[in-house]
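Everything below concerns the one structure shown next.
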Amino acid sequence: MADPAQPIGPDGPRARVVVAGATGYAGALAAQLVWNHPSLELAEITSRTEAGTRLNEIYPRYDVPLALKELQVADLEDVEVGIVAYPHAAAAPVVAEMRGMGMVVVDLSADFRLDDIPTYEEYYGGHSEPELLDGAVYGLPEIEREAVKQSSLIANPGCYPTASILALAPLAEAGLIEDVVIDAKSGVSGAGRSGGEATGFTHVTENVFPYKPAGHRHRPEILEKLNKLAPEGSKRIETFTFVPHLVPVDQGELVSCYVKTAAGLTQEDLDSMYEARYADEPFVTVRNSPPGMRDVRGTNQCHIQALAGDDRIIVFGAIDNLWKGSASQAIQNLNLTLGLDEGMGIS
Amino acid sequence: MADPAQPIGPDGPRARVVVAGATGYAGALAAQLVWNHPSLELAEITSRTEAGTRLNEIYPRYDVPLALKELQVADLEDVEVGIVAYPHAAAAPVVAEMRGMGMVVVDLSADFRLDDIPTYEEYYGGHSEPELLDGAVYGLPEIEREAVKQSSLIANPGCYPTASILALAPLAEAGLIEDVVIDAKSGVSGAGRSGGEATGFTHVTENVFPYKPAGHRHRPEILEKLNKLAPEGSKRIETFTFVPHLVPVDQGELVSCYVKTAAGLTQEDLDSMYEARYADEPFVTVRNSPPGMRDVRGTNQCHIQALAGDDRIIVFGAIDNLWKGSASQAIQNLNLTLGLDEGMGIS
Amino acid sequence: MADPAQPIGPDGPRARVVVAGATGYAGALAAQLVWNHPSLELAEITSRTEAGTRLNEIYPRYDVPLALKELQVADLEDVEVGIVAYPHAAAAPVVAEMRGMGMVVVDLSADFRLDDIPTYEEYYGGHSEPELLDGAVYGLPEIEREAVKQSSLIANPGCYPTASILALAPLAEAGLIEDVVIDAKSGVSGAGRSGGEATGFTHVTENVFPYKPAGHRHRPEILEKLNKLAPEGSKRIETFTFVPHLVPVDQGELVSCYVKTAAGLTQEDLDSMYEARYADEPFVTVRNSPPGMRDVRGTNQCHIQALAGDDRIIVFGAIDNLWKGSASQAIQNLNLTLGLDEGMGIS
Amino acid sequence: MADPAQPIGPDGPRARVVVAGATGYAGALAAQLVWNHPSLELAEITSRTEAGTRLNEIYPRYDVPLALKELQVADLEDVEVGIVAYPHAAAAPVVAEMRGMGMVVVDLSADFRLDDIPTYEEYYGGHSEPELLDGAVYGLPEIEREAVKQSSLIANPGCYPTASILALAPLAEAGLIEDVVIDAKSGVSGAGRSGGEATGFTHVTENVFPYKPAGHRHRPEILEKLNKLAPEGSKRIETFTFVPHLVPVDQGELVSCYVKTAAGLTQEDLDSMYEARYADEPFVTVRNSPPGMRDVRGTNQCHIQALAGDDRIIVFGAIDNLWKGSASQAIQNLNLTLGLDEGMGIS
């Protein structure tokens, strides 16, 4: 573990990090970001199926020359931090083992995101480590910054909740959302590297289509978190529709949120609400023009526009699903919990 | 004019057609469809700026070898049909001149689509031929088939209204829509050939963004037509939001419609409503899987799925914006008004 | 078998066709083309892994409503024609069985393309039906039209040889090619439906890369066929380089051919050679502007430009790899061998 | 001007930089790279047509908040460095004026790249500042590093020469190239922001086509530079063909070079030549797998593979046309001439 007398930072020792599951898109990017981070050291990268290969052979666009190993948590005695990029359900036992070693863990899976175990089990099956849930913090720094700083187990949200919650937080925190439709458009990398025909080029190019349009598993997560933001005594969201679509884009996520509220908000009201809420946030930009996926590609930024539209409030939020929607947000969380500058290595 | 004693058709003479404005995407496709149509003859193609060039030089993917001319309506004495692919407002005087010659006209512009002149003028400026509006029929054959058959001036709807109205007609005709959000995704060809930076490849690729998210000029058209479908005495749509997005696709249009209704419709209700409504429509396919743009590319088809979704009815509609959303629908209308088989030349 | 007294054709009975392997990209398109063909009847479609499913479920963009079956050649007594869309080596035994039933066969695989068995075996492994090779005709109609008309076993060439041989035939037939580089760019559908990570959207988009740049198995096929075109006594091609590249395109193929020749050919010489050679070919267009993949997408056309370039003759050839490079060329061959109009169902 | 007693660098003052023509793709990226560079200060950005607008309004993906001004070189007294991103011919007078003020200039145009004035004038028209040519250095650091360090006027090469020369330099420096074909594939951003129909999304998507296949103006530049690399007394390149193609990619460039040489080079020979030549180059990676555009996107890297192919040596070179092919290479050159670490701000 890091010597508390010598704090991690530009002048102290680097925190040693393992990325478990570094061959998926999010894990590989996390490894690359750690590799170039001034206060982190990439101690080890692991893979369940490609051990022995160097990461820059699999991803020539990254410059991590380390070879992948098989994960042996017990051997990671001098590693302080684990980033776990495992599939849902497979992550929880690895997280538990790392926490048992005293490591700080950022988990990219859904395993510790939901407060409500029955909801988790409805969508993901049985949960192997429910006792760890209490200590886990939902790692959306713009919402839970202080809690993240104090936590050693951070459940890193995925791309849909990140974009949706950031787009809607100012309205949710004012208790103003009664009814919302979230129409999400996601790039293909969000479906992971395993791919298959549905994410093949010939299926995706010149195509846009909805997928899992009813009962998507990110729906309860977004709803739970938005309702938690509402002030005591305010009404809960009554009507909530979330529909994702696949678009022929590699990296990118755009949510178009259609909100009904009893409050008669003008454009000026919206402008001041959003600007006030995000004025000090380094990674949220409130705009008065429609944000596009390209505007945030390869960055930890979320671009937002809130509009008093025809018969509804319309809020657009754009992120890069692999960056702010996954790997760079993991680094942002790590920076916070390690006491580093929040934007180090991701600005 | 065609000799009424010798009806147009496979065994009669071909109707002679002029396509005015044949260098834009929709006009060029209309010319190509006429060129290959067994009962139409492409008598002339015109262009305001590229007269003298052959169409297959501009579009090597089409095989129309005719040279473009400048439009002189007065010279078109032996031409029975005009397809007008002019910009809004520029179309109306050409349509009037052609009607004055006794020609059957299909107009691809917005000039004769709206019943309500003040609404037209709010979005498009002054209307030069208001007296022709009464005789114009809104050319959505699945809605107005009998009227199209009787009309000599057909206002061909654009891609957004076509997809939206077909997706929502079964609900609208039952008077069940109280509140609807239409989130539309459109390919780039919908913006026309003139292009500019906003439709340049480097701006569009790896990008998705909303455009004109409030006050889009197709909103009143869709709303007017949906409300016309509702039965006498039923409530009108109270809350109506329409937001288009540009996606990195050449040809294609997907509308995702989110409907609230007091009626508690089950999936079975929806299935039977939609199947009954479209059972006899050759160009509408009701599906039980999410439709994609690729499924209808290069066809006159509209693919629809209606879902009893989370807290709302969700209806997806996919068309090719240049085909069913413009040029092939013009041919479908022409077939109807000329007494030909409705699918001739577009199946 | 077809009754010889009642010839196949618009007024005779339709020839009954089975497409074996109809779920791959080429097989599915072949099935669709047969389905809409005025003188062919799609009797059966088969699949080794997806029997029981309707083809229009797998490919909603096609309208073939037949269910796939498992192939039982012995049961195909009243089927006159087989289109075999099987992988290399797997095709040969099926072709043999069909020929044994007296069927006319168009084989889309490489199994009967090469005259030279040792070359075949070097690239594809052992050949199970070498005795059928003698009767097989290389199905490039622009080169072997008369032989195709007489043959009952047609080896349909793939996209690289089709584009390359058509681009170079006028020079090869004049014995003028000494040295040639073929730099080929291919759309992703050429790699087949099985896909895998290499053809996943996230790997292909915003990317261009060579694949199998040395020793590609289409090299000996192209070389063998070009040398066969050279007149008796003329020199053979001495130096021959063929390198394919994958481009982020669904359907399309462009070959850029760089030729050295001792003959001092001017642009005028080239123009007259190419125009004379292809003047009567309905599916080859000689152009004086650079052809693009889009110009031929969804057609049986090959667009060619020959240029007296800097220090070399440069010839570009563009086709749709699934159409002229596979499925529509199969129909063109079938039309010829059945005595139908060559362009029926593919124009 | 910078105080020579206080050298520029991490601990000294930052060099003040103007980017003239910062609204084109290359100029904008150069401004962004200067903005984030630890030893450079972005003093001013200029535009001939968009003065008054902030750069991050035009390019929301960049974070430069400065407003564009009209260029007044005479007012730039305290600016030490000019990056000129003007069109060919328009750049030369601006460069001259800046040099007259004592500024170090990196010019992104072709105006000072060619040694041979008649060749320049054949392709670009009259040259307004021929007397400056002698002092200009061709800014390809891997070839001219020491000269760049000594120069105050650096002609930054474009994407085609950068990729081609780096791919071929080891062979050219050994005097081994007799005959070469360069088949280049370029992303659309290489055509500049002005765009027009040829670079519109609908023209480029699902398309690949050659452009200016004969007499391209980068041909003489590449040929001149390659011949300069050959040792005294060795033969010059006799046969040289260069053909660019446009591919549906935003940023990226791949050159496929086909070389004939009398020397019988084996794969081992090539490997040792290329590895030795580039072993110490931080921005060139020699690979034994085919490089793709994606591997170098958004980096200053050039990835190269040299192959003893069928009948020829084949060398592939991949760069990002806007980075190593323009803006980041300009920063690499600036770092060298200012005595900074070569990779500062671009690694």
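When the chains are written out, they are named A, B, C and D in that same order, and each has its own residue count from 1.
We adopt the following convention: a residue touches a chain if its C-beta (ideal position, glycine included) is under 8 Å from a C-beta of that chain, and two chains touch if they have at least 3 such contacts.
Predicted model only: the values in this text are computed from it and were never measured.
Peer 1: Within the chain touch network, how many edges lie on the shortest path between chain C and chain D?
Peer 2: Steps on the shortest route: 1.
Peer 1: Write down the chain pair with more C-beta contact pairs when A-C is set against B-C.
Peer 2: Answer by contact count: A-C.
Peer 1: Among all other chains, pick the one whose mean CA position is farthest from the mean CA position of chain D.
Peer 2: Centre of mass proxy via C-alpha means gives B as farthest from chain D.
Peer 1: Can you compute the centre-to-centre distance for chain A and chain B, using the mean CA position of each chain? Integer Å is fine.
Peer 2: Chain A and chain B have C-alpha centres separated by 41 Å.
Peer 1: On a C-alpha centroid basis, what's the spacing between chain A and chain C, in Å?
Peer 2: So the centre of chain A lies 47 Å away from the centre of chain C.
Peer 1: Could you work out how far the Cα centre of chain B sits from that of chain C, in whole Å?
Peer 2: From the centre of chain B to the centre of chain C is 37 Å.
Peer 1: Quick check: what residues of chain B touch more than one other chain, meaning two or more?
Peer 2: 203, 205-206, 248-250, 291-292, 294, 297
Peer 1: List the residues on chain B that touch chain D in their complex, please.
Peer 2: By the definition above, chain B touches chain D via 25, 188-189, 193, 195-197, 199-206, 248-250.
Peer 1: Which residues of chain B touch chain C in their complex?
Peer 2: 60-61, 205-206, 287, 289, 291-292, 294-299, 303
Peer 1: Show which residues of chain D lie in contact with chain C when the two form their complex.
Peer 2: Listed in rising order, the residues are 179, 181, 183, 185, 187, 203, 206-211, 213-215, 219, 238-243, 245, 247-252, 254, 256, 258, 260, 290-294, 297, 307-312, 314, 316, 318.
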